[in-house]
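Each chain gets a letter, A, B, C and D, in the order it is written, and its residues are counted from 1.
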């Protein structure tokens, strides 16, 4: 509790003098003020404020994950803060609608004054991508090349240093990989599981054969199924799994992937509930970021058609290509390929369950 | 087109150095940093940025309305910019969900450091209320008293000066009142209209008498109906209308009210389409602002219960009371009481219609 | 896994023949079809489908709570399904915007054909209120009287039977009340807690005295504070607490209230995380339902002004009054009045913590 | 006004007996009820109800467009009803979040019982696509082949008949093409316009040459620019334009495209305001439908990974490919490529303006 705190005034606490004088449209320098330049500036500034907040949360989560051990109170905090990030993402996705109240023609009134500035120069957004785990090698080709070359040297160095650190993806991978519950004596989960998934693939093959609309479609569907089978077998074969990682077909380590599968299958066990919430939250973060990229790409197309952006690149096409490829936690989505219904799962033996549950003698 | 413009860098254009150093949590001054104070600051700063944008739009609309004549291109612009304000309001209403990701306990970690700052000290929000037309006399009692006394003298003077100017409400009222279409020769609209509304009230009375659940309810419903009848009659009686204005039962001037009714009834006429959109947009602005007040009041209750806020007042109760009473364009809602279905309206005579329509010889 | 299942066709699975022939506008019976009557019907039907889904979830939660013991897997399921209800509520709240695309005039084209039907006759909505715990005695006066008298006898009997069963509120109260952690040997939590809250009230009193804007405000704020103090003292005094319950100032039982406070204060403890999520979800359900009532009341006012609704009652005013008073889980909001920041809480002794935590020997 | 109407009861008016008995989960036929199958059914049924409403609006708009002349009151109605469609689309897009409250594992509990039903069998959705103008030839290859072959013969014939009728796209094209304002005596708009756009391309080329990050990027950007130039020149060259249509690079007719450009550039003129709103609304309808396809594809991936759907096809990949290619009003987006800022446009001569404006002698 503060002793003799200074009285606080709303406007000073929020540094409103600083905040509300930071909007400096360029159009007046070249003649008449373009009314809509204010909107353009404020929408981008609001995004930057949310980026700061999201980074504040992700960095705190990152610190929690970097501890040698992640206790339950900390894991709770991770989940709680990820939920906040998701809530902010929903708002950021809807915010695209605000910039779309500006017509293309209104944008053209000041577009030429902004050359060659570009949203690609948002250092905070790049930090956000890097901290999540979207490092250079994982980006689409165009992006790898141009990620840094529009930035000032200081910004460039700052980001390059960040790329050296373990990302949130790395931390999540390590946390999953070190979970000990992958082998329990006398509970041959994985054997049972492999058999059940193999059955499920067989059923899917029958469905495909009965319902395909054409020879061509049949061939296509069987090829997809075969690739899923092969991917699944690799989960239990160290060498094949490593090959898939090299090809970029999968990013999580083998142990992490198996842990994530186990947790997802038994998510209602007390010991897994939080972990499952955290895995799901990362998948949703990825999904919402992807939807933001997509809506953003559509907005750019609406504003500029196929004209170049202020930074000199044709934005829409490039942006659209990033939506599918610049994803970090896509493996959590792919995992659904190998899930079984609860009714097809072996019950956890009591010995296992008691290791995973509370030792509750009194709670009813 | 700019000649030799300076090359622009994203971060400089958006004054990010200034923007992103404006978050100064107080908790570190008193010991440990409260993690969630950043969220608290950024959420409020984002609101202030949106307030700035909304004021930017409302001021430009205000200027357009203050012209001696409001041409159609300008009226179009008014409608277009009001739509933007509505879109921003939707976002601001959803943003309440972001602050609600902070638990009451997390807020308590830094609440005591903010005394006596208060959202009542947001000068921009008060400007917004004043420019809309929520002047001192129109506020709820508590608000009248305390509107200024938490502000610094400079802020107070600034707002008091604003209160002397005609508000948007005044401009809208004057614009509606000076519309010339209230009397057309040979088209005795109002007589017809009065007869039709009188019939409608009679039908409503029959419905009430047949369906009331109890004597008490019957009495109540009939009283409401009688008050509507009386209000409707006053629309055509200068003295009675003035009495209603004095009592605060209605705020629009009589001519403005009649214009608004006429426009609303014939909204699909070319000359009225834009005007109707503008009237509707002001009603929606009022509705969305009211919903924001309501959600805000709920959020404060959730965060503090009935505890006092940082400014020393018990926020929830007060805030809730403002939702219904601090409304500016409520008359546009009340107007629905006297509307008729299109099928009950007289057709506009061709002479009137041609005065209200385009003189289009070629357009098909 | 199904053996030889019948092949399924999309339209048959969803009973589309039945679903898509259930829209029967009345306007064609009286002359011309009113284009917007379809919207009116479909919007209400969608609400009824969501009500069915929400009831499906609430009934399953109800069944889980009615077990003698609520295990962790079940508590997880309760939280999971409540989250779904909250997601549906967000959609239902936004759906008010769809009906508002109909102008008041468009509504008048068919309003008279619907007399005396009324939304008050939605049996599913009343079931939803009853299952939550909004029983007759808890409703606002007008509602108590008119709750049943617009319904057909069969619907009335159905609901009256439901009112005899324990509600979700009752189940939640019982679940909280039977938690055993209210007394731990050697950990005198409540004494410490009472002292800390008493200190907090003293600080609040100082803040009020220094910052009140007027004598009148000072008196008002001190009265609120005094009532909070008195309420807090009653938490530890069986007789005073019972008086408050009788007055309607509080609804939860004393033990349940204390449990909820304890859980909220130590929500990051493994044993409490789920319980805290569930308590929070009920509070949010209540909040979202209240916002729905509010938006609904605004929409009715916009559509009808102060005119009577099709059921013969003036809807807006009545609906608005229900928003604040027809709340079920308001105590979870009021609780914030007595919360302490984490830094002011005593650490849980290790013995207590180990009772509340996992017995994890292996998990890292 | 109805004479002696039958009293109406809420549940009967909405056919609730029919509506609320249309949920028939299949899981109980095979053993235990899967709790989440109800959600699956209701979410799809709500979509079908919204499809019915959207079709109701689109069909009425279609009828209005099919008149020999589209008067202003009718054009107003088109805009009004399109706004309603957009509002419903926002809700449908958010509704994806409701189905995502079901985990993949919960879906697997009943997925096998639904084979080979598939969302591809939604006749109403296909109708919606066809009425908009997504005819067979315009679909992506896979879709062309499989559009009909999962449907029952009756459904197939119904849709094939619909494909023979002029679509909304055709109507909008014809309406734009027949606008007479493309040539005004003494106002050589298009010459001026061509010169100004040519200048704008030159400026863009300079920007590209100065700011490209690499040789490769430079080449790419210049190629895009060249293609835009070539496209622009084709706007004024009948033969080249027809070639572009054949290649599928553009769909609107040449006259319609020029009209749309002219309207967009002078959208604040009274005669164009409504038309511009309608053009914009069709573009937004396309955008929102595309975003729905994208979110839907993500949801399917989350639910199934790369597993096949119940209809036997791997949904995610296919669905994602439809998002960009199955667009109808994309030309309204591409148009932004050739827009000029208002400041670069020639003022409309007074003679032209008076032809386009109201003949208002009295309105102020």
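One rule holds in what follows: a residue touches a chain if its C-beta (ideal position, glycine included) is under 8 Å from a C-beta of that chain, and two chains touch if they have at least 3 such contacts.
Everything numeric in this text was worked out from a predicted model, so none of it was measured.
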| item | value |
| --- | --- |
| Smallest number of contact steps required from chain B to reach chain C | 1 |
| Furthest chain, CA centroid comparison against chain B | A |
| Chain centre separation (chain A, chain C; CA means) in Å | 33 |
| Centre distance in Å when chain A and chain B are each reduced to the mean of their C-alpha atoms | 39 |
| Multi-partner residues of chain C (at least 2 other chains) | 1, 112, 115-116, 203, 267 |
| Complex interface listing, chain D residues touching chain C | 1-2, 5, 7-11, 13-16, 18-24, 26, 30, 35, 38-39, 41-42, 44-46, 48-50, 52-53, 56, 60, 80, 83-84, 87-88, 90-91, 94-95, 97-98, 101-102, 112-124, 152, 155, 310 |
| Chain D-facing residues of chain B, complex | 1, 68-70, 72-73, 76-77, 178-181, 203, 267-271, 273-274, 344, 355, 357-364 |
| Residues of chain A that touch chain D when the two form their complex | 32, 103-105, 108-109, 111-112, 115-116, 142, 145-146, 149-150, 203-204, 207-208, 210-214, 216-217, 220-221, 224-225, 227-228, 264-265, 267, 280, 283, 287, 290-291, 294-295, 298, 301-308, 311-314, 320, 324, 333-344 |
